[in-house]
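Here's the structure we're looking at; comments come further down.
The first chain written gets the first letter, and so on, giving A, B, C and D; residue counts start at 1 in each chain.
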Amino acid sequence: MDLELSQRQVEFRDEIRTWLTEHHPGRIASMDTPDGFEAHREWEKVLFDAGWSVPAWPVAYGGRDCDLIEWLIYEEEYWLSGVPGRVSANGVSLLAPTIFNFGSRQQQDHFLPKMASGEHIWAQGWSEPEAGSDLAGIKTKAIRDGDDFVLNGQKTWCSRGAYADWIFCIVRTDPDAERHRGLTYLLVPADSPGLERRPINRLDGEPSFAELFFDDCRVSADHVLGEEGQGWGVAMAAAGSERGLSLRSPGRFMAAAERLTELARSIRADGSIDVRLRDEVVDAWIRAQAYRWQTYQLAAGLMGGDEIGSEASLGKVFWSELDVELHATALRLLGDRAEIVDDNDWLDGYLFALSGPIYAGTNEIQRNIIAERVLGLPRRG
Amino acid sequence: MRFEFTDEHDMFRNTVRDLFADRCPPDAVRASWETTDARVPDLWGALAEIGVLAALAPEEAGGLGMDEVAFVRILEEVGYAAVPEPLMEHAFVAIPALAEARSDALDSAIAGSTTITIDIDGSGTVASAAIADAIVTRVDDGLAFTTQYDTTALTTIDQSRRLAAVKGGVTVGLDGADAALAYDRAVLGAAAQCIGIARRLLDATVAYVGDRQQFGKPVGSYQAVKHHLADVRIAVEFAAPLVYRAAWSVAHPETHEPLARARDVSMAKAQASDAVDLAARKALQCHGAIGYTFEYDLQLWLKRAWALSAAYGDARRHRDRVATAIGLA
Amino acid sequence: MDLELSQRQVEFRDEIRTWLTEHHPGRIASMDTPDGFEAHREWEKVLFDAGWSVPAWPVAYGGRDCDLIEWLIYEEEYWLSGVPGRVSANGVSLLAPTIFNFGSRQQQDHFLPKMASGEHIWAQGWSEPEAGSDLAGIKTKAIRDGDDFVLNGQKTWCSRGAYADWIFCIVRTDPDAERHRGLTYLLVPADSPGLERRPINRLDGEPSFAELFFDDCRVSADHVLGEEGQGWGVAMAAAGSERGLSLRSPGRFMAAAERLTELARSIRADGSIDVRLRDEVVDAWIRAQAYRWQTYQLAAGLMGGDEIGSEASLGKVFWSELDVELHATALRLLGDRAEIVDDNDWLDGYLFALSGPIYAGTNEIQRNIIAERVLGLPRRG
Amino acid sequence: MRFEFTDEHDMFRNTVRDLFADRCPPDAVRASWETTDARVPDLWGALAEIGVLAALAPEEAGGLGMDEVAFVRILEEVGYAAVPEPLMEHAFVAIPALAEARSDALDSAIAGSTTITIDIDGSGTVASAAIADAIVTRVDDGLAFTTQYDTTALTTIDQSRRLAAVKGGVTVGLDGADAALAYDRAVLGAAAQCIGIARRLLDATVAYVGDRQQFGKPVGSYQAVKHHLADVRIAVEFAAPLVYRAAWSVAHPETHEPLARARDVSMAKAQASDAVDLAARKALQCHGAIGYTFEYDLQLWLKRAWALSAAYGDARRHRDRVATAIGLA
């Protein structure tokens, strides 16, 4: 047990901290607007050129070969600095681990550097209107025709889908197979003929998602990730990382808790903070710390050879509900100002947080997983 | 003692419910978001026509002399339909204040030829200010009547609130109007709307989860979803009687001193705010991603829930008022 | 709508209030001790002699023919006065409505006056070790033999069972019938040969329950309530009243909320009440009021001819969870004193309250009922 | 940075776990309730023998010089087994204080020939006072050592706490002992025990609901029960690392100022108290009536949960300490 940063880790932290301070681009437009999307892509390039876009990747693909602890330190510094969010998150967090695990050498060499540099921004095309948390219900068909697959069907809730360059999809290549069988993991260029994208506006009217309509859309069979028909297994490996470490690093919540604390301090300066709200702020701050230390413990296990399995569901429930409550507390602190949209990052953050208990498997499903696979309760009566 | 609505209560409520269903469907609510000064077509006049605007005005002033108990059920319907007009402000707060002050402005307000909103704490941030002709405003310990003011629209999460910053204007005092009573009316009116919003969120969610399939079964057949919605049903069940009871207190000053009235009104708002907060949270969770979209109508009630749960004092603030009333603060 | 007491109701309230003040017996021992049980029986007799033990019953059986509103007023005054609790509650609240509905004239004439006077104190014998909330799983057999039934089996969680005079049981008279069929509602003298009672100690060591062991125990067939084999329907009618008005009148919670408020006021006098705890106190006080007014609304409906059905589950969840939280707040207010048992009514009350979400159908089952029967959600996927 | 226990940590913990399973089963805990001055047979000596009592004493004083990180996992086992002996008070608080003060009483405490409890706030209400030989007591800003005192037993809900009112006695100062540190140690020790209690409540409940049938299915197959227990698992999962992290802070004064240490310790207790409260509530609800009885062992942990969740400051009080540390109070 050693809970101090090593000399090398301190140097690493100082390096990224200094770099972020010096290169902070200031506030840029929302990544859910056309201009903001491109501004965020620019920021990805700035990060990439300095070797800070994917520090945990091998040097050959633009990374720094950071270990998990360094990556956690990087994330803490990244979010605390207040630089823009990562428009590349879907690709880097969800797709990249799958490419590293299942991609051919050619696929790795082609896709990973372009993902790291922001040349390819990826969106996720898994959900369908009739298959939300239940991925095995996927119906979008991809029928082999020569060197291509021909896609027909519909995807929805495709984050960043309105402006992304590529989409990683799960499609049904064997229409006769049921449920988990006959699925294939396929990488689809967003400008493919026969693919129509229609933005879905979030509660606040911003197009955070898209629907995808495939109408005889041809995609090269070279873009299958893993084996044809093995899409379920390939996807589930990534679902593990979606629920686990890679998508929601503690740095994000530590930074949010810090900002919440600052908000409370600024209200205290007026002499009017309510003890009940102060208590909520402190609780959020403590829970962010709890998430941090649980993650460091998890990371040590992973570095020692443990695998992250159903335990990932514990973190998913914890961070997603912390995120909602943290932002709800901020809105209560803001009082009458909470409902006013202009320059209200907390309201924006609240709307974003509300999706946390829903996506990547609802928290109801996560609790089932915890009960059945972590605690060993009977599956079904 | 008989805690029961009369048939007339029910008929009046049903008439208004039908009117809203007809004239203020979700599309009309959405349309109101596009501008800060458009009205829902034909609604205000129709409300005047069936006597809703005049309901609380005294009979000698041309009103119906109806009581608050009847009217809070109308305000539930305002919440249920997410009506983007300042009916509560106009008919439940402003008109009684104008009547108390024997204001010249009463007649046109009753007739519906004017629309009056309220600035209950004198903050200058006023719902529906741009579509209204006048504002009943808190000034020191009393109320005043403000016209010919300037507005700057504020973008709020619930755009049907049409909040605006108000400046300038011509202000005359409303001597004889009870500012504390007006505040309690606004709080009670917001509580009643919260109940209606919560009922709508629950109805919409029950319908959705009964239909939507996941893993081969209706979402609503899962026990976790059932328990979410049972909790909402319980919250509404026990908040609503406090709203009716508070309305009775407001309607009967002879047996309810201002402190008792404030206690009853604040109990109602505290529970109604908590109920609608729970309803909003569970409605979104049970809908999943679709509830999170602009195109789907659920958002009309979600945003109204967030706004009205906090408006005119959130649950915490009203528990503090109860604390004072029962000797704990 | 009229929320004021009528002149007659005011007089009624003043009459019971005055009587309770004048006849308050002071603190008596717990009804879960032998002496305390008899002291509580004495109190029942005092109430009965003044016509205050069962005011809602017909005059012929010792009541006053009170309507529901008067009964609610009576209950408010009863609990606010701080007189002892009702050792007769199981009989009066759960069994008596069943006797009024299903009992023969002879049964009514025999049992009701003795119940009203405290001569018969009743216990409930429904649960079995393998049938808690699931009453249809009852296994205790009662085989007809001449004019008697011969009982064999075991009952448990029998409240007041250690000292009661009579027990109202549900038994299986047709061993071949399954689940809800073949059950019979039977009244059993507690001193029947072949019936052994063994106290079960509550968390705090008091014998609040008993186990009953039937070993060829003979009970006269005259003591069947309703028809043989119809026990399920007879019991369910009473289960409705258990969940509904009769067992948990608002007066009980209003009185508890008043005492909690007094406790908070006494702490405030020290100048040290925490705003968070004050908030909890106020919330409990409001919820007690909400329960009160919801009940008055329900009562008006019942008096107008409505029936109380699955909606009773709403109240069961609400009062039982209010009761737990109200007492937990009191313990938090007591701080370091909370864990000390001596003269700590709040701790005793907390232990009692904890059983609320469990008995008479767990709150999980109540929420299922609300979802399926009140909201109309699908029974089972 | 490596958040990982060593093999030695695990071995030591397992040795103690086995000892408790052997010498302190539920029957021994029950037996301790019968009197206020009996000991669990053979336990204290065995703890001395395997070095648990001496664990935190410096090596030059005959101790093992082990650190707090290792010892909080022992204290988790104390909670898991509901051990009714003042091991935390003696080995985790008193011995380090005696060592700091270079007290003559240290040797016999390490050897286990005495038992020392603590009165961390000088209130005079002391756990295990009647079975102990001495008390490390808060006096003004420092600590003192009290012997030959009188006790009056108090009946508490968790009778294995053996609380007593203490009067009189001979008191000598413990110069050099850090009273603030001793307080933080007691808080951390209580937090660690809360984690162990919560784990035991969860394990017992998972076992019960997997077995118990209702309506023809195991109770544990119902989604509502699953979600109750998933919530407990989550609470424990995220509270435990804060306990280990706080132990590290206590063990490393060179990098942790008293304010940072207090913050870390209070974070741990706040979350551990909340976790064990939730575990107790859900354990009882999922057990149903049987959990509510004296004869069934669950009550041993329920009562300990209630007592230790509040002892040495409840969650609210410790969130207040964190508020101070992060500039909010």
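Heads up, the rule we're going with is that a contact is a pair of C-beta atoms (placed from the backbone, for glycine too) under 8 Å apart; a residue touches a chain by one contact, two chains touch by 3 or more.
Because the structure is predicted, anything quoted here is derived from the model rather than measured.
Participant: Between A-D and C-D, flag the pair that has more C-beta pairs in contact.
Facilitator: More C-beta contacts join the chains of A-D.
Participant: State the chain with the largest centre-to-centre distance from chain D, centres being mean CA positions.
Facilitator: Measuring from the centre of chain D, the most distant chain centre belongs to B.
Participant: Between chain A and chain C, tell me the centre distance in angstrom, where each centre is the average of that chain's C-alpha atoms.
Facilitator: 53
Participant: At what distance in angstrom does the C-alpha mean of chain B lie from that of chain A?
Facilitator: Spacing between the chain centres: roughly 39 Å.
Participant: Counting only residues that touch at least 2 other chains, which ones in chain D make the list?
Facilitator: As it turns out, chain D has residues touching two or more other chains at 222-225, 227, 316.
Participant: Among the residues of chain C, which are close enough to touch at least two other chains?
Facilitator: Where chain C meets two or more other chains at a single residue, that happens at 274, 276, 279, 364, 367.
Participant: Residue numbers of chain A touching chain B in their complex, please.
Facilitator: Counting only chain A, the residues touching chain B are 127, 130, 132-134, 137, 156-157, 200-205, 209, 274, 276, 331-332, 335-336, 338-342, 347, 354-355, 357-359, 362-364, 367.
Participant: What part of chain A is in contact with chain D in the complex they form?
Facilitator: The contact residues of chain A facing chain D are 1-6, 9, 69, 261, 264-265, 268, 273, 278-279, 281-283, 285-287, 289-291, 293-294, 296-297, 299-301, 304, 311, 314, 317-318, 364, 366-368, 370-372, 374-381.
Participant: In their complex, what parts of chain C are in touch with chain A?
Facilitator: Within the complex, chain C contacts chain A at residues 274-276, 279.
Participant: Given the complex with chain A, which residues does chain D contribute to the contact?
Facilitator: 1-6, 9, 69, 202, 206, 209-210, 216-218, 220-223, 225-227, 229-231, 233-234, 237-242, 244-245, 248, 252, 255, 267, 270-271, 316, 319-320, 322-323, 326-329
Participant: Okay, in this complex, where on chain D does chain C touch?
Facilitator: 123, 125, 154-158, 161, 163, 213-215, 222, 224-225, 284-285, 288-289, 292-295, 299, 302-303, 306-307, 310-311, 314, 316
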